[in-house]
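Labels A, B, C and D are assigned to the chains in the order they are written; within every chain, residues are numbered from 1.
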């Protein structure tokens, strides 16, 4: 084993940190978060500098690197700011479905716009009364001539109101098994689409949820992503990839809150001493640092598995669950260490905390991850 | 087997309060959360109905209620899922200073309006650089003829914008012993030199007007000294126990409320197979574990309330209850949200507000670390 | 504010018991732990002094004590830091079956000796392949003329070696409904076909004679049926509540004891600088946190004891108390050991035995997972 | 980064597993544990096969590998049996002080015997009323001619009654600072040594603690390990190395208990179902597996840091604390999953649990590790 980042990884990390330090402005982030908006200029710059599509292949203007490098950037960006960092790095949410499975034409048409930060993408998977179980998807796509005609309702679609394209999981076959579903790309603004119920978010406020209703929405047959009938499997693959990205996000969120708490306790005095001199403060920091360190190498290992084709769903679930729990614990303690200031918006850690909760729940709260892990750990019973 | 014995009068009072809150508070909560303040009229309505300062003497317009009335109000207010109409702070923390330490003139002047809701009160202890460390207080009070001149700034002041009357802690700069330097002063709204800063932008407690207060050469008459000169520290220590107990009571009610909503959600929402998600074993265990902790908190708290009402020395237990129950609130908020899934990430889920609101409870009225330090000290460790 | 009201009689009884235990039990505990059994004489001494089956009617030699006497014995026994003289199982779990369900003849025959300690009892429910799942029971009881023929094996039987009288649960193989198939039988020591297996080698509970019991064509007279035919399951369910409550009471006392030792150790041991280690902030917080949990458990448990004694339906709370308090024992044992450091890794540290002993409490009398399942069911989830 | 074990690491892991499976006998282990004895024949075989000294240099008959490989063997052995595994791999306890710092002659005289399993070594560091603070060591070694004369008392010395050599931390200088201490090798059986208070252990029963008293014990001057005055620093270095080994031990202990619990729940039925079919069982296993996975990569990373000269005390403390906590949580849950059988000696997990507690406390319980971590994380305060 070799735990050294290679030269290009180190450069990427450094470039991401410098970009974030230079461009991420606290006041702007706080203000735009309230409005649930992403700063367009920074999004485009991230794209231009190659951060968003770092793990995309070069034929679609991507960086040609692995998911490992994407995770490094997620971590670094979120360390600087958990809300903006995640919004930038997930501006291409679900576009990985196209990247990994799409036809050449579709990829070349869509992905360069995602890579350069001009197109926000999203995935529309969940439906009412289904929880996280996608086996019973009821949104349908029926072939009609060369087109697909889509009907149904998707809920809690991230960036649902700002995305330019949706990757939609549809039933394309009367067959009610998971083999009867397909992923279809739908461009926002097509006739028959209505976006509503844009929700105020608890965390991740630059990626508001919305519900999307499709009423006889017509898209060309070439918008099919991957093979017909592969939709369920491809969605699960995407979730696996996305969970690793979320682990990187959570890791950076934890680290960023830790940084701020450490700075604070080193300068703040109470009862005649620096907070950092109290054993209990010291032990909290030691705990936080240890948890981050453990989450970090599990996350890196998992990203490495992905890039080396050794990934399994349960490994991604472990990394996501562990890193997100770490983020919750660390950000929670960071608030506590800052005392009353920790609760105040301008001291930032409060939004790291809310964003940690977003990371913990999004793409399945712990119980869902445990179901996935247990399936694999236990295997088939005799 | 109930630990606390509520009489029929108590029960009728609780019922009247519930009705009042359902009609006059709950319908407005979302608006107040958006406004980041509660209108003064809401306080007056509450006062007129007899729900403020229930312990106060009939002489001033009070109902002379026992401590259980305060408990009832604290519990029911917590169940409105908002924190703006912070009557607990007014009724059971601030006004009792006037009642316990005020002169007859002060009591006559202020108590009736405090009880009727025409005066909203606040207490200004915490300072930007002091936090839970009262000994590090910087605000000064100097005597100048018949007047006292206040200088300094206070922060995290609940009811800071609405307050008509503020009890301000300040130090006599001439007194070297910090524990004898602090006195308490009554400062009325509109006193020259008393300014309110911006309302603080925070994670939760949106409807509550938490603010900074500034005093620059703020002159008040000598008669506005509350209690004895130099006894401020002692008075604060004496009253902090009830303040922390009230936090625990509010926290307990909040935990019960969040769990109740979550159980209700799990029983009425199904998974893809049509089965209520309360039937999933992992969810059942989560709920049972949370309910167990809630019941533990309740038993401990009820015992403590009985002890406090009987005048026992319960400083260790009060510190323990404050820290454990407010930590419990955070645990429960987070764990309940998990059961809601992605819906829990939107503010449409009521627990989202709870999650943001309860996070400050382990910090205010003395951080939970301060609580543990107090408990350790009084346990003789 | 105490939740339970102990009378002067209770207090005097507790004092007598403490004296008895200090003289007749504590000095022998280390030997019993080595022997892996307690001599029968110890039981007899306890019986003669009136500390067994305190609830029993004077008609049989009992003192007709209320439930608080049982609580007192359970608490004080737990504080002897051993589990071998398991009077709680005998007095408050097994013998009550005879008292509640036995015929007059059975009561006359057995109760006096149970009370005097001349008969030690055990209950044989658990089987090697069934665990907490009573419905999976395999042992059979078949009628053959005037006799009943028992076959099967039982495991994890407390007092298994010492027991003079065992209540055995077995199924009628002809009855298809498992819930109506189980009956209880009284089997005396020496009955042909009743054999004791080896004493089980386990992590802790060294002084307790946990054993396997085997029944092969074991013939007992029909009169040894306890209670009604086919009602075994119901009787077990009815009595399990008190069994679990007693576990919680013992667990609570164990937690208090371990923490008391640890506090004492921390106050009397110094670090290299000569400062008692109880002055280290991290140790103070650890102790405060543990003490808070202990006090929470105590308040909840006392309230539950009062409810149980008053005949309330406390099945949910009993399940909660059993799981939470026995989990607490494990947490406290582990955390206390940390405060002792390397010394805690030796059996010279009293908490080492505690650490080994309490680990089984979250398993026996229904695992804590079973407890949560019961709570969920009766909460209507 | 590259998370692949190289060829030789894989072979070592495989060889260790096969050796343990072939030689570790459950009944023997349980029996000898009660007597607090180590099986001599297996110890010698482990030595002969190169497991004990795998991280020793070749000039002393070692394997010439890194600590990483030692940790792999610790993990593998302890996975098969936590008590015997640790006793074998720590049979050379504190001999690393000689390996890393000793003169050539001393190394060549002593270490080959340790490597081949014929000599159990130990370190005598703790003293009465000092806790884990070694700054006030009172055992003295005074030069007398060419010899050292040692006086003092050491407590809680692991394998104190079975070790053939002790590495003793002594004060060799009137200077009361930490710079006034030295490490001196003392052979068991020298005049003036008394070994007593051999304690029954809670965990790690093949390495009983004993107190060792030195009364005018005379050893040759050449028994000095490293430079005079370096004793405190070398001891801290050894603790750092040892904590990484303990992390490996804890990791294997956790994994071994997990294996047994998994096997059990897959075959055991209750309430008409396999235990492994209950969601709560499944979630417990998922949690356990995730914790082990996180502890594993933190431990591996830390061992890699050691071998690549990037190690700092706090990194070792993080790994030790995290892996030991994981072992406690996992073994505790394993007992619970086995129910009544989990409490029974013959089902093994009960001793994994006790050994996990040994790993958690030995070389400093969590509070001590946190003190160390905090020192480094916080650094100097302005």
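Heads up, the rule we're going with is that contacts are C-beta pairs under 8 Å (C-beta built on N, C-alpha and C of every residue); 3 or more make two chains touch, one makes a residue touch a chain.
Bear in mind that the values here come from a model prediction, so they are computed numbers and not experimental data.
Taking each chain's centre as the mean of its C-alpha atoms, the one that lies farthest from the centre of subunit C is A. The chain pair with the larger count of C-beta pairs in contact, out of A-C and A-B, is A-B.
Computed centre separation for the pair subunit B/subunit D is 52 angstrom, with centres defined by C-alpha atoms. The geometric centre of subunit C is 38 Å away from that of subunit D, both derived from CA atoms.
Shared contact sites, meaning residues of subunit A that touch two or more other chains, fall at 279-280, 283, 367, 370. Shared interface positions of subunit C, i.e. residues touching 2 or more other chains, are given as 280-283, 285, 369, 372. Residue ranges on subunit A touching subunit D, taken from their complex, read 1-6, 9, 68, 262, 265-266, 274, 276-277, 279, 282-283, 285-287, 289-291, 293-295, 297-298, 300-301, 304-305, 308, 314-315, 317-318, 321-322, 367, 369-374, 377-378, 381-382. By the touch criterion stated above, subunit B contacts subunit D in their complex at residues 280-282, 285. Of all residues in subunit C, only 1, 3, 263, 266-267, 278-279, 281, 283-285, 287-289, 291-293, 295-297, 299-300, 302-304, 306-307, 310, 312, 317, 320, 323-324, 369, 372-373, 375-376, 379-381 touch subunit B in the complex they form. Residues 278-280, 283 of subunit D touch subunit B in their complex.
Subunit B meets subunit A in the complex at residues 126, 129-133, 135-136, 155-156, 200-204, 269-273, 277, 280, 282-283, 286, 330, 334, 337-339, 341-349, 352, 355-356, 359-360, 362-364, 367-369, 372.
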